[in-house]
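When the chains are written out, they are named A, B, C, D, E and F in that same order, and each has its own residue count from 1.
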Amino acid sequence: MTRGFYIGRFQPFHDGHYSVVERIADDVDELVLGIGSADDSHTVRNPFTAGERIMMITKSVVDDDLVTYAVPIEDLERNSVWVSHVQSMCPDFDVAYSNNPLVIQLFREAGIEVRQSPMFNREVLEGSEVRERMIHGDDWESLVPAPVVEVVGEINGIERIQMVSDSDSNGG
Amino acid sequence: MTRGFYIGRFQPFHDGHYSVVERIADDVDELVLGIGSADDSHTVRNPFTAGERIMMITKSVVDDDLVTYAVPIEDLERNSVWVSHVQSMCPDFDVAYSNNPLVIQLFREAGIEVRQSPMFNREVLEGSEVRERMIHGDDWESLVPAPVVEVVGEINGIERIQMVSDSDSNGG
Amino acid sequence: MTRGFYIGRFQPFHDGHYSVVERIADDVDELVLGIGSADDSHTVRNPFTAGERIMMITKSVVDDDLVTYAVPIEDLERNSVWVSHVQSMCPDFDVAYSNNPLVIQLFREAGIEVRQSPMFNREVLEGSEVRERMIHGDDWESLVPAPVVEVVGEINGIERIQMVSDSDSNGG
Amino acid sequence: MTRGFYIGRFQPFHDGHYSVVERIADDVDELVLGIGSADDSHTVRNPFTAGERIMMITKSVVDDDLVTYAVPIEDLERNSVWVSHVQSMCPDFDVAYSNNPLVIQLFREAGIEVRQSPMFNREVLEGSEVRERMIHGDDWESLVPAPVVEVVGEINGIERIQMVSDSDSNGG
Amino acid sequence: MTRGFYIGRFQPFHDGHYSVVERIADDVDELVLGIGSADDSHTVRNPFTAGERIMMITKSVVDDDLVTYAVPIEDLERNSVWVSHVQSMCPDFDVAYSNNPLVIQLFREAGIEVRQSPMFNREVLEGSEVRERMIHGDDWESLVPAPVVEVVGEINGIERIQMVSDSDSNGG
Amino acid sequence: MTRGFYIGRFQPFHDGHYSVVERIADDVDELVLGIGSADDSHTVRNPFTAGERIMMITKSVVDDDLVTYAVPIEDLERNSVWVSHVQSMCPDFDVAYSNNPLVIQLFREAGIEVRQSPMFNREVLEGSEVRERMIHGDDWESLVPAPVVEVVGEINGIERIQMVSDSDSNGG
């Protein structure tokens, strides 16, 4: 049995993330999806709460054969203990998937196998693209799985991201 | 669609917890299991990490029809914001299940419905009983679902709780 | 112009506290009332929020001639920086009033004048007495200023302290 | 009886803030002034401590008929619990006044009434203008209430902001 | 070259600690002394600041041949990341010395060699004994290296521990 | 006996820092080197852990006559208590050396003597220069003491800083 780990902020979970999950599914039996910056929300970069992101992910992968765990990971703001923090919050995993150089470096220094692939880049690029489209009222729905459209609708997510994009501090 | 919320420390997940889950399953379509004190581990009261507890819970309820989410909840040490913290980390829920008076009071002040039942008491009592038996080498396996026995075995959990039960501070 | 500083948890603000304020009023022109453990609430030892305690204090001293400031002080959990923390949160003061040995020691090491008096002991004793009476349904109203009775009534404070007195942990 | 809530960083409290307070005074009987980023000081953006800002505010509004409470609010760095945090630190309020989109969004999601007005913009603009003038030795005194000039003088505030404006990190 | 790690709270550094250091000196070329609970002070259990403890340790071992590093370790309150935290704060070490079961368990789970010895028990016992004698005015000087007597004298340490032993909370 | 205090991030310790230490050695008998941002690492601005920086400093000054203490100082993110925090972590000192305007201001407000000198500027400038050269594979070795080259080599520091320079967030 092999269990993989894939971390992202998933703001929101989009087709780029979904492709990565499908690609990892060929390698592993189970997959832990770590939801980074879980304690951040209501900002342009992190508009959705951890709970909202759990919904997006779980509903998007529910029909796959892969056993998945969506686990919120709060920021500790200390790179030197980040790997231990992730390990304590997640089911034990054998291999981590990432294209983020800091994540790769931290896992490698801790002696954990990391796999990367150029296709992961699509995931990083699409995150800010989706949020930009949400803010400007453009078509973002075509870039995400259908259940994500539903979740964003239920929580009035477009109104939220448009409001906070017009703000830069708490209390001015 | 109704979604319920049930919080515990699940140290470990035992038959009392499982009975509560089965009982709630009659009421709701989906259930969020909040794993309290997620950031604590390696103590007599909280021997297992959040990741280990996610494993215990997920594997114990996998064959039920109920859709479940196991979500670690880190302590914030501020009762006044605890409900908001839980809500931000979890999928949205309609009703909370608890017999803990503080939890009940906090949810009620926030205007959230809470349901309780005398049978929940079994859950509280069994937690410390299971840990005591682990420490003293007595039969604890009969008090927990079979997958919990497996998880505790894989992580050498008995050795861990026996070691830390003999300690009371970091660095003496 | 002399400004004094008097710190307490004020759980709740009672006649013992009020007597101390009256006594200090003879010495100073203005008084800062520091509300300690401001981030704690909904426990037996600290049932009321900082905001509720601000109301109790402000309404109890409103008719005095003394200019007062009620300032919440969150715990930093570091004695070595506590005096600097208090100073940064409060209007500048010339003398501190306390009978708490730790508070006295910290202010003295920082070179700040501290005044104490045996009558302050009444304040410490009455705090737990009032809370005990609240929990057991005995007469607590006679031990506090009238506005405190009103505030506790508006927030259903008796129900709250009775509930949490029956609990000892978040999530059992 | 109606109580309002108005949050700002008040770095420093200036005529724009004072106009807003006067305008709110027509609507409410009492006003809570929340001092945001209370734990920050000695930076260009937040030069003054919470205690210094309490002094500026209290002395500027002392002759108004309005009952006011100046309450420091420390940053929690979690938007999702920010409203609960504010509510626990402040006397209970019925309506919030803000022109900050994030603040408006957070209060609305919590079901709290928010009122805004174009005139509030003056307050935001003047904050950085006053600090710029302080740094460059220009006339800032004409933009703030007279008691603020006094407080800044007593604490050597101009020297402080000029020093820190020349720095960008603690310990280089 | 072998470097060892020895953690304690060193409240204060006493002859039991010194014996342990001498014993370890036979095994290693360099020794890191981790000062635990570095952020705590002014309590009965942790009367001295990290800086004061650095002085006690450094002056007590200055004439030994062993190369030593005295490193304050602040508490993180998360056992699961504690080893990573220690490793990031300290020069790299090959072996840890401890008789504390929690410390032993945490290092072992991280794959780090731990050595223990019954004689270490003396160190644990003497810590509270020295503090009790300081509080009651008995002979504590005979239980510590001479430089520790000097440091405690310079900081008026006896007055401090006697004061705080008479207190149990910040602000009563 | 005079003891000085000199704070820097020492990322890494380079010849500019070393010149400052030599210059201070003329004034004082002992010197505390405070390692700022001790909890940060694995970023472009702060690539090395506190433990790695302790090694660099200690080995670079070992042959000087000056008695030195290398003390990690974790960030507290509160300027108003920063001086107290530094004082609690370090052996008591008589005079601080800095050219950082914020540090100078904070020490002065606390009544501590600060000495500055134009030559200190070299230290600030060289820090980012050394890191830039490390990232781009240019000659950085000529700007640092020989033991720093060794430490960076042992920890594969160049690979680390090159990796993280290509990243801007944890989990993208």
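In the analysis below, a residue touches a chain if its C-beta (ideal position, glycine included) is under 8 Å from a C-beta of that chain, and two chains touch if they have at least 3 such contacts.
Since the model is a prediction, treat every value here as computed from it, not as a measurement.
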Set of chains adjacent to chain A and to chain F | D, E
Would you kindly count the fewest steps from chain A to chain C, each step being a jump to a chain that touches the current one?
-> 2
Rounded Å distance, chain C centre to chain D centre (Cα mean) | 25
Chain centres from averaged Cα atoms put chain B and chain D apart, in whole Å, by 42
Cα centre of chain A to Cα centre of chain D, whole Å, reads 36
For chain D, jot down the residues that touch at least 2 other chains.
-> 39, 41, 49, 78, 80, 87-88
Based on the touch definition given at the start, go ahead and assign the chain network to line, ring, star, complete or other.
-> other
Which chains are in touch, pair by pair?
-> A-B, A-D, A-E, A-F, B-C, B-D, B-E, C-D, C-E, C-F, D-F, E-F
Would you pull the chain B residues touching chain C in the complex into a rising list?
-> 7-9, 34, 36-37, 73, 75, 77-80, 82, 98-106, 109, 123-124, 127
Residues of chain C touching chain B in the complex | 39-43, 49, 160, 163-164, 166-167, 169-172
If you look only at chain A, which of its residues touch chain E in the complex?
-> 76, 78, 80-81, 83-85, 87-88
Residues of chain F defined as touching chain E within the complex = 38-39, 41, 49-52, 54-55, 58, 69-72, 74, 87-92, 154-155
